[in-house]
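Notes for the one structure printed next.
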Amino acid sequence: MIVIMNPDATMRDKSAVIARAEDLGFKVHLSEGKERTIIGIIGNDRVINREQIERMTGVERVVPILKPFKLASREFKASDTTFPLGNHTIGGGEIVIMAGPCSVESRSQIIETAIACKEAGAHVLRGGAFKPRTSPYAFQGLGEEGLKYLAEAREATGMPIVTEVMEPGLVPLVCEYADILQIGARNMQNYALLHAAGESQYPVLLKRGMSSLIEEWLMCAEYILSHGNTRVMLCERGIRTFETYTRNTFDINAIPVAKQLSHLPVVADPSHATGKWEYVAAAAKASVAAGADGIIIEVHPRPDEAMSDGAQSLKPEKFARLVREMKAIAQAVGREVNP
Amino acid sequence: MIVIMNPDATMRDKSAVIARAEDLGFKVHLSEGKERTIIGIIGNDRVINREQIERMTGVERVVPILKPFKLASREFKASDTTFPLGNHTIGGGEIVIMAGPCSVESRSQIIETAIACKEAGAHVLRGGAFKPRTSPYAFQGLGEEGLKYLAEAREATGMPIVTEVMEPGLVPLVCEYADILQIGARNMQNYALLHAAGESQYPVLLKRGMSSLIEEWLMCAEYILSHGNTRVMLCERGIRTFETYTRNTFDINAIPVAKQLSHLPVVADPSHATGKWEYVAAAAKASVAAGADGIIIEVHPRPDEAMSDGAQSLKPEKFARLVREMKAIAQAVGREVNP
Amino acid sequence: MIVIMNPDATMRDKSAVIARAEDLGFKVHLSEGKERTIIGIIGNDRVINREQIERMTGVERVVPILKPFKLASREFKASDTTFPLGNHTIGGGEIVIMAGPCSVESRSQIIETAIACKEAGAHVLRGGAFKPRTSPYAFQGLGEEGLKYLAEAREATGMPIVTEVMEPGLVPLVCEYADILQIGARNMQNYALLHAAGESQYPVLLKRGMSSLIEEWLMCAEYILSHGNTRVMLCERGIRTFETYTRNTFDINAIPVAKQLSHLPVVADPSHATGKWEYVAAAAKASVAAGADGIIIEVHPRPDEAMSDGAQSLKPEKFARLVREMKAIAQAVGREVNP
Amino acid sequence: MIVIMNPDATMRDKSAVIARAEDLGFKVHLSEGKERTIIGIIGNDRVINREQIERMTGVERVVPILKPFKLASREFKASDTTFPLGNHTIGGGEIVIMAGPCSVESRSQIIETAIACKEAGAHVLRGGAFKPRTSPYAFQGLGEEGLKYLAEAREATGMPIVTEVMEPGLVPLVCEYADILQIGARNMQNYALLHAAGESQYPVLLKRGMSSLIEEWLMCAEYILSHGNTRVMLCERGIRTFETYTRNTFDINAIPVAKQLSHLPVVADPSHATGKWEYVAAAAKASVAAGADGIIIEVHPRPDEAMSDGAQSLKPEKFARLVREMKAIAQAVGREVNP
């Protein structure tokens, strides 16, 4: 940790900072320049309360040296984390494709869609039983009934299921039916939920919050990892910016950045990242080219009747074509989309 | 709802939109211009699933006419909502001042701070017992013990207590001790929590999410109001932007906008909105001038020892001076800060 | 144009809006709903001053129906615009690769880099002679001397030259040496410069401003097109968001969106879009997969001696490898990178 | 400058960084921690090309110690800069009020408005003769004719004139008529214009770019100051964020921040910062409370006929009332609005 002192900081101010650091058990180096004095606090600065130091008299700024996350970092684990999802493996050479409707709307809808997705080349089935909706008057999902239909769709297709869980209290229920827990963008910093998902030991798909820094996203992965649950997938789903023509701005840079900073697999969600079906294929192909380990896409047989997210859902035939295109790009970058 | 058709939409596409709207029980008006055809769907468009219409063939864009929130709107209730907080009333001529530490750290710390805040002119005591922290390794709050100390501080000062609740399952516990439930920025769209807070019938301080539109914030208030809980305060606490010199960007415009769109009281949080104690006074005074009904400020007797948010906490003497300054501005805008 | 009236607008307010529209020569349709009255103004709403209508008593909101740009739109011209750049053609099946250093630093540096870029597969040479620098104390470019060296590098390699012009008064000078005018992100809305570039009739590479809406970017293209200069390339180079780990956030969505809204070729600039050389390859490959017509990349033989943008410059050997990778992806999406 | 090395940087990498710094004439301090090695480069780091160091092998990150601006900083000049504008002084105890229409539309319009503004309490007349417009089809201003009318309005009222200049080539012309040069948000980083404005030695009102960091804004002031022109006013006019309900987000924090970092006067522009006349008064009052030295407001006698910015213009009577309110707040914060 580097402490930069104000130009008008007194000798007394500097001594106080040094004393504080030494009291905390750190070695200190003082460097007096012409315009600024700098105090280097040498050691694991993750454990120092940075704001306390910032608030000391005469301190201009504090610069941490270490990244705040540890278990999620490449330094902690250099090799890519891989783990199986059904018959496929995420985080290695394979690109895993997850697809399905935004919401489970009925037994027949989810089974029909699951079969179509499977035939088109999907590996994992997505579908929401509990839905976070901006309006209290909108469809909130079928709840446990939806989970049961998802399980039936798994029976019918063999695909493992990823579904969102929105409350810590519901983690056990969702774990009864699902294979992978999804933590949505709005809940990325719902720490009680992160704890519960960590303790479940189920694989977790952790969506990036819509205004989260990459570092904050990795800190949320750290919450889950700190419970000994190592099967965490990071999911970039677009961030909120001033551009409103698309629903979100797809931060494609986040894919190589997250792969560099962390050993965890990175999944891209082109449906939310664009919000309009017309752009989903371009964003999905870009994700594969940029190094994503998985892709999650909303598919609905009749998007104009979808109870949620119809505007960004692909019809099964468009999705099938997209899988073929992603396969070609995967090969071009030395990876594969398996059948 | 206005449906704008693509220039190349066919007669068949238009008929399908019209048929859909009529099936839903709406009257429809068709207007064929030279460059675009417009279909007006007349009536309460809050109940139409906009995305389904957007996804119909030939549709370029859908423009809702009505605001999505209702109970929170000025149209629903023209007069300002007011309600008592201890001996004071929020939403009327009075400006209510809430103050206290970010976290409850110990019995003596909260009681000492509460007394200092009260003497300086505060009306409500704030303090966190459950803390949302970006790091799993940081201090997470004292939990129920903290709530007990808060209750003691209330005994000592007579001030009602506002404290954050982070999980729906903890609402009953927090209600045992607190007078006002705070829903934090990270949880603004934690819908299960909004439901629980709504059902509690306790006054709620609803912070705006750091990347939430004003409309989305009002929709979250709507969630609470829809449970018959009318004592909701909106709290602007800064939004996330590209500017990093301050912790957040204080959206001061949100104060007059929220007052115009809604009848609910609006509170400003200059501590989080700036993130640095040096700017808190300027932001607090600006809030009063802009029409805020309440101000919530972090105060700590020794900020450089605070376990959280030290950098943005005022010392009691600075806070006392600020209260005097806010009083002068309140008078200048025809309002009052009562003793 | 749709005018939505306030719920408390009077008959007189509505009549005034109708009268104003009719005075401007428009037909009007009045639709009185239960909660809102809507006035449809039928015709070319590009010529109405929207703010005047918004400011009329009783008006809540005005919604334009038509996009504000015309010449740049797909509606005006359905087929892709293509034009030659040296021996290559942009906007068709080919992907055009532009490469070179951020700044021209010396005669030998630009010639060495040009030859290396050419050998690696570049089609157009980039290099800045006039540099917009955030600090008045930083290197501002070699000026006309730099242009002369660029011309020599063209001689040596046969590649056409793209270089930035920063002032309308310098357009004639830059046109003496360059083949393509670049308008930088900071100057996207420098209207005098857009006029001068339009009048020059030279091909223009128009970078998107760092906080520009896609619509505003297309309006700036419209400025150039309105002078009869049809050879405009749109260049997405990243936007400014809250994320600071990368220099900018690459708005990859903008590629398919701009291709859908406009007939103009779209170029991606992965160097500025990421700001760090480590991520340039991922972003470049993603751009090709997403449908870009051209890629512009900063290459420097010794990035740690570059006078500007060293951090985001590739060494020639890394660039050569990237060209091969882009070629493979181009094939996967049915396009080609020609030698 | 602090150079943080990668955990896997070699001894050779570290030596290369040290050698580079020593070659540049700097003293160096090496600090080897358990997880990171840090190299401190001691001295004026403004003159080091940071990107070159960042690009050296084994470097993880470079942290500058000094702020990049110097002449604009409080360290360079501790006392507030003040200078006269007509009969008033900006930067001291007085709050200077600038008002007038967005555009000069006709001789009678500007004279009528000037008289009304003067009577209402304005000190400086604003009005645009050259207008930056997003559409090439919109009114672009009266040009020199507009400047002449402004000069007549000055004759009629005695108020000095502030007007925008958009091109370096037009600085001499604008200086013939105007008293203060305005540099608009879109041109904040038009460096040729900053140079010309600096050389003119006229007072400059420098608007913050809509996506500019406070530091970048001060760097642009530095450009002007570096020409020996010390009469620079910083103008906060709102930044672009995800919130679209208002035209811009008023970054009120920027007022105390700019006052702390710099000795230059700070002006607020509540008209652009909100974009809707209903919110202008709240934002203006907040600006005075937050410490602004001046306020610039758009006033038009008939906003629904204004050729630009009608939606955010106040009528003279509303403006007169606002001046009275600002006067009361100025007194509450120990300042004054003089007649």
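In order of appearance the chains are A, B, C and D, and numbering begins at 1 in each one.
By our rule, a contact is a pair of C-beta atoms (placed from the backbone, for glycine too) under 8 Å apart; a residue touches a chain by one contact, two chains touch by 3 or more.
Everything numeric in this text was worked out from a predicted model, so none of it was measured.
*Asks:* What's the overlap between the neighbours of subunit C and those of subunit D?
*Replies:* Chains that touch both subunit C and subunit D, as defined above, are A, B.
*Asks:* Give the chain pair, either A-C or A-D, that is connected by more C-beta contacts.
*Replies:* A-C is joined by more C-beta pairs in contact.
*Asks:* From the mean C-alpha coordinate of subunit A to that of subunit D, what's the distance rounded to whole Å?
*Replies:* One centre to the other, that is 38 Å.
*Asks:* Using mean CA coordinates as chain centres, what's the subunit A-subunit B distance in Å?
*Replies:* Their C-alpha centroids are separated by 26 Å.
*Asks:* Roughly how many whole angstrom separate the Cα centroids of subunit A and subunit C?
*Replies:* The computed centroid separation for subunit A versus subunit C comes out at 31 Å.
*Asks:* Can you list the residues of subunit C that touch 2 or more other chains?
*Replies:* In subunit C, the residues touching two or more other chains are 211, 240-242, 244.
*Asks:* So in the complex, which bits of subunit D are touching subunit C?
*Replies:* Contact set of subunit D toward subunit C: 46-47, 49, 51-56, 68, 132-138, 140, 166-169, 186-187, 189-192, 210-211, 216, 219, 222-223, 226, 240, 277, 303-311, 313.
*Asks:* Any idea which subunit B residues touch subunit D in the complex?
*Replies:* Against subunit D, subunit B makes touches at 211, 213-215, 239, 241-246, 249-257, 260, 273-274, 278-279, 282-283, 285-291, 325, 328-329, 331-333.
*Asks:* Going by the contact rule at the top, pick out the subunit D residues touching subunit A in the complex.
*Replies:* So the residues of subunit D touching subunit A come out as 2, 4, 7, 29, 31, 33-36, 38, 40, 42-44, 63, 65-66, 75, 240-242, 244.
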